[in-house]
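Starting off with a structure, shown below.
As written, the chains take the letters A, B, C and D, and residue 1 is the first residue of each chain.
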Amino acid sequence: MAKRKINMGMVGGGPGSFIGAIHFNGAILDGQIELVCGAFSSDPEKSTITGKEYYLPANRVYGSYQEMIEKEKLLPEGERMDFLCIATPNHVHFGPAKMALENGFHVVSDKPLTFTTTEAEELVALVERTGLVFAVTHAYTGYPLVKEAREMIKKGELGKIRKVVSEYPQGWLSDPIERENQTQASWRTDPGRSGKSGCMGDIGTHALNLAEYVTGLKVTELCADLSIMVEGRPLDDDGNVLVRYENGARGIIYASQISAGEENGLRIRVYGEKGGIEWVQAEPNRMEVKWTDRPMEIKKPGNAYLSDLAQYNTRMPPGHPEGLIEAFANIYRNVATCIQCRLDGTEPPAEALDFPDVYDGLRGMQFIDKLIESSDSEKKWIAF
Amino acid sequence: MAKRKINMGMVGGGPGSFIGAIHFNGAILDGQIELVCGAFSSDPEKSTITGKEYYLPANRVYGSYQEMIEKEKLLPEGERMDFLCIATPNHVHFGPAKMALENGFHVVSDKPLTFTTTEAEELVALVERTGLVFAVTHAYTGYPLVKEAREMIKKGELGKIRKVVSEYPQGWLSDPIERENQTQASWRTDPGRSGKSGCMGDIGTHALNLAEYVTGLKVTELCADLSIMVEGRPLDDDGNVLVRYENGARGIIYASQISAGEENGLRIRVYGEKGGIEWVQAEPNRMEVKWTDRPMEIKKPGNAYLSDLAQYNTRMPPGHPEGLIEAFANIYRNVATCIQCRLDGTEPPAEALDFPDVYDGLRGMQFIDKLIESSDSEKKWIAF
Amino acid sequence: MAKRKINMGMVGGGPGSFIGAIHFNGAILDGQIELVCGAFSSDPEKSTITGKEYYLPANRVYGSYQEMIEKEKLLPEGERMDFLCIATPNHVHFGPAKMALENGFHVVSDKPLTFTTTEAEELVALVERTGLVFAVTHAYTGYPLVKEAREMIKKGELGKIRKVVSEYPQGWLSDPIERENQTQASWRTDPGRSGKSGCMGDIGTHALNLAEYVTGLKVTELCADLSIMVEGRPLDDDGNVLVRYENGARGIIYASQISAGEENGLRIRVYGEKGGIEWVQAEPNRMEVKWTDRPMEIKKPGNAYLSDLAQYNTRMPPGHPEGLIEAFANIYRNVATCIQCRLDGTEPPAEALDFPDVYDGLRGMQFIDKLIESSDSEKKWIAF
Amino acid sequence: MAKRKINMGMVGGGPGSFIGAIHFNGAILDGQIELVCGAFSSDPEKSTITGKEYYLPANRVYGSYQEMIEKEKLLPEGERMDFLCIATPNHVHFGPAKMALENGFHVVSDKPLTFTTTEAEELVALVERTGLVFAVTHAYTGYPLVKEAREMIKKGELGKIRKVVSEYPQGWLSDPIERENQTQASWRTDPGRSGKSGCMGDIGTHALNLAEYVTGLKVTELCADLSIMVEGRPLDDDGNVLVRYENGARGIIYASQISAGEENGLRIRVYGEKGGIEWVQAEPNRMEVKWTDRPMEIKKPGNAYLSDLAQYNTRMPPGHPEGLIEAFANIYRNVATCIQCRLDGTEPPAEALDFPDVYDGLRGMQFIDKLIESSDSEKKWIAF
């Protein structure tokens, strides 16, 4: 049997969505995945428009994810979608994910995983029961230099980790643009669609995920100060958190959507006994590596001096920049490889298993719970 | 009739090629183009391997571009390739380009356009005669901030242009790695495959193209000093050029492949009467805009303050980096749009016509000629 | 009467001191101040060595600050020192400061102001009683772009302030170098000479001072997590603090001396409703000014677009870097001007009054108290 | 006999001068040098004003350098000036320098050394005859990291040098501000005061000096294109030069005063067989060191990993920025040490001999001659 592309269906990503397009670009970039169907909007007309933009035949564009899953299931393997990409607002993550899993489809879901932690736990249980592939697009860990940081720390190059500063300032919600019906702002500041946290759920979870991924350490205690800076907004738009890690390291996690003038300032700094690393998402193709006893180094993708894992996640020779779509694509490529291996009955290579999964998704939900518990509490430390 | 994807065939890009993969990634990124056939190597076995990697059916993988063009021509419109992507070493650009044009196929060719200027002139004539779409991947002009620079200058924001410094240092040929059969180095330093210039043909032409694209000005005189720094290498690996522009502006163009430790350092600085711009390819998502009378500004993609053309060439909101694949994709998207418009019988929008074409390719060839003439001459200035 | 230089005496700054030399360089840079006497070390021999390096006559080099103050007092005005520079370790700040004030000498003291808050309060009372000039060298606020940030915020250019991140990572105490008798490390990690805090007292106080100076806002609540990362060290070498400002702004202050590989990473970011600023001490001659609605600007010293206060604190035209000695010199120049005005019976210009004073010193001491109270407490917020 | 400070007299540096103040600040910064007299302006009233600002007694403020040299000569050693600092416009360098040497005074002169090359040759002869100390303030080579670059290259760490790019863009003469009587602009664009070159004489000579100092190589051939971009200006305001070095290395030297928006952009890049360095004057406390086979390093002052020479030229621990005044001070400190050693009858340490001297000054003058010869010539290469 000829090798074939892996088939993707998409829920969400209709007109006005920006994340849908990124998922699409990232999924198809490497040529292993094909978009074969979609339920792009709860409005069938809008769904149809997007379906045409993706050159889908009319019979593979659906009015709802339920319809899509039911009908796709009836198609033969190789024709039907292999996995579902979920690019909807937060409150519509759980439904499609659950139904997809129950019907034998693998899943790639945007984050946060679900609307409530209970739902997230249910998905974990479902993934464990079905054994299906489930990825959550904490895509910033898809960058090659983030992989390099993780590998350096895993190998002990920095020594025991002592301090971690993970921050994610944005400024786009400095004004109450949700009142002008800006699409992104509207649902992200709406508790009914976003969940119980705004800023921290949307991007604070990325900061946590990045810190834990890079260090290989779990946060075990936290002390949070969440706030609403734009009057009348129902959800937090800024949050500052003291954290302690399982090995005794201390640190800070902060996120903000009212840091006026910041675009998308995810940055991580990790310090061990022997050295430190600093990586900034907006300039992802350089990482500072600082040493106590010799000059700072700047590592860049595509070079032979990098770890295998970092090299596995780059397409280009040195000096040819890759961006966030490529980081998404690194997750999708791994998912495609894992699904392909299941089709082939083989074991995926270790590198292909390196993507954020349902447990990362659950951890993000628990983090949101703990942040709100802490922020509302007089108690200094909350166990996590 | 349903809108359909534009079909691409590829020549070159077999095992070991890096540029083939970039063309592929860039072509398919936006979902408008599909790779339908290829002659990936002059070795049919290698061609087959690459064809499988791209999931092509065996009957669409050919042993030569001649065979491909002949057979594809027989297929019905919609099934056959619409355009040919040429990702071969320099000495195999002309043949496929010419044959494609003669058989009614549009073309996207890597640069330099051809092996000799005569060939380039022949292609220009063919394009003019056939009216087919022809793009040359001087892809660095595909970046959104390069578009912004061009638009700012076109609108006169910098005033009359006075000085242009366009430079392209690389260091990967600091050692004679061609003797160890490094694939890229081998053909690029071989006059039989690369042409009469090494470094200047390979990357100096990018520096020229970028300078002329951004400023909208032509170089009219030049004075070149090309050199071979690695003993025994038959082609230039470094070149420094004084240039004069049609409007009286002066400047420098230099390129190097022995600037040890440089990765891919294309950078342009343009100064007018009122201000200047500086853009560095390795960090493509920021551009310095310098003023005589107020603070320097940093422009970044995705922002509403940018020109329409810059915004047209971005996929992402501010702070979400795009890279070189996206710059390639901007060319491919325009080519696809132009071909689509021909299928539809409509006029493409002005933005879609903004890609490097056969005239840019010819100009690159002429530049190589003049550089060598100048470098060999005792005369100071050579008209260009 | 001819105008004369202002005379400085110094206590501390003997062999091995680095801060003594910076005080000296900063004091004399602008030619208004002359070092006329000193008690450079408690070891008279060492004091003599340093005195000779400063070309002082033997009779103006003293064995103790007590002796110096007593003897200088007997000299005629114009010959005797006008003010005392205190460049000793922390536990020897209070004694000389008190005795100097009591004997009519103005004072420039290094920070932290004293060993205990009680002492600091006593100095405040003495300054209020004597009316003498008293500066504390929180020298980082001497940089011209820090002045610019303050002026911008004062004028409301950023709108109401919402978020402040002030951080000061260093890495030089990553190893227990105090056990190898490294001079700086030995006293800074010794509770008997440094006081009850290590890192936070030494540099955390700078981070607070910078934040409050730039914003013009006071911290009113804090929640601190201080830690000792190098086993066996008796004082904190890292501290993370959540803070709340009087106007409702939130923020973070952190300092560290175990952030391996960091040199002297003081950085401040302030965000208001309309924009933000970011300034990094290690590259003091550029400041990012970020806006919600237009490109980021980079302000640089020496330019006409800067506020008067920023221009007053620069010596050079644009592009000619100034450093930390110049920032110290800005304080000293102001002190000299204030003393000169007293000699002349005139009022100093407003710009000359802009230096950190005894109240800033007291606030630093109170900050240390509150940090330790908070760090030891289960209570989340401590009023400050 | 007690060690004493070295006495400096100054010619030039009156009201409106910026370079006079830098010389003064740099000279006194380290406390070894005292300004004892001056002829600050050809207008005695202006000279008096400046003299008072420097707290000089009226009898040491002179109406002309001739008067100063004659009268100072009569004072006893220890009271009279030891050396003359020349901070006048270019056409008044030679006179004071010559007379000072003839009367036994050491000299520190600003650059370019003289108005004509003949004068420069005369000064060289005089220095050789008198054996006096003579420094020329090509102060950019005073930075510690420039020293480090020189040491690295001298030790062969970069291998044989192949390519050197030394550039010095400024933008302050983008408009014809000399017509508004801006002091600096007026004399610098006036052939009667500046000499036969404008931009290249003023700052192009710095770019040459830096390149030759860092590499230890001489330029032996050049090809220049000088131009006047602001209509009506009598001297070049932009110049681009191809250069060849004695060892076969190639390169570019360019300078500009119409690169709108550039402040003071001196930058050097040197590439050898094994690696390269890049240093930018505006951010002098970091230097990129690039390697063919490992990550780029960033070297910073004050670190133990630096060469002795670099460490000798720094005052501060890592992360505490020094600027251009400190670079000037490094020259002055060496001059003071050399004069002190003569007073003591001892040999100065090797580090103290490392300052730009009369031969560097002569070379700058010859460079100007050759640039103009080349720019006016149809011949491509001019021997230098």
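Definition applied: a residue touches a chain if its C-beta (ideal position, glycine included) is under 8 Å from a C-beta of that chain, and two chains touch if they have at least 3 such contacts.
Just so it is clear, the model here is predicted, and its values are computed rather than measured.
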Fill in the blank from the handout: Farthest CA centroid from chain D: chain A
Exercise for the section: Between B-C and A-B, flag the pair that has more C-beta pairs in contact. Expected result: A-B
Handout entry: chain B and chain D, separation of their C-alpha mean positions in angstrom
Key = 43
Problem - Between chain B and chain C, centroid-to-centroid distance (C-alpha), Å - result: 55
Exercise for the section: Using mean C-alpha positions as chain centres, tell me how far chain A is from chain B in Å, no decimals. Expected result: 34
Problem - Interface hub residues of chain C, defined as touching at least two other chains - result: 262, 289, 296, 300
Fill in the blank from the handout: In their shared complex, chain C is touched by residues of chain B numbered 288-289, 293-300, 303, 305
Problem - Contacting residues of chain C [partner chain A, same complex] - result: 158-159, 162-163, 165, 167, 169, 171, 174-175, 223, 225, 227, 229, 238, 240, 242, 244, 250-252, 254, 256, 258-262, 269, 271-276, 289-292, 296, 377-381
Exercise for the section: Using the touch definition up top, name the residues of chain B that touch chain A in the complex. Expected result: 2-5, 18, 21-22, 24-25, 28-31, 35, 52, 54-55, 57, 170, 172, 262-265, 281-285, 300, 302, 315-326
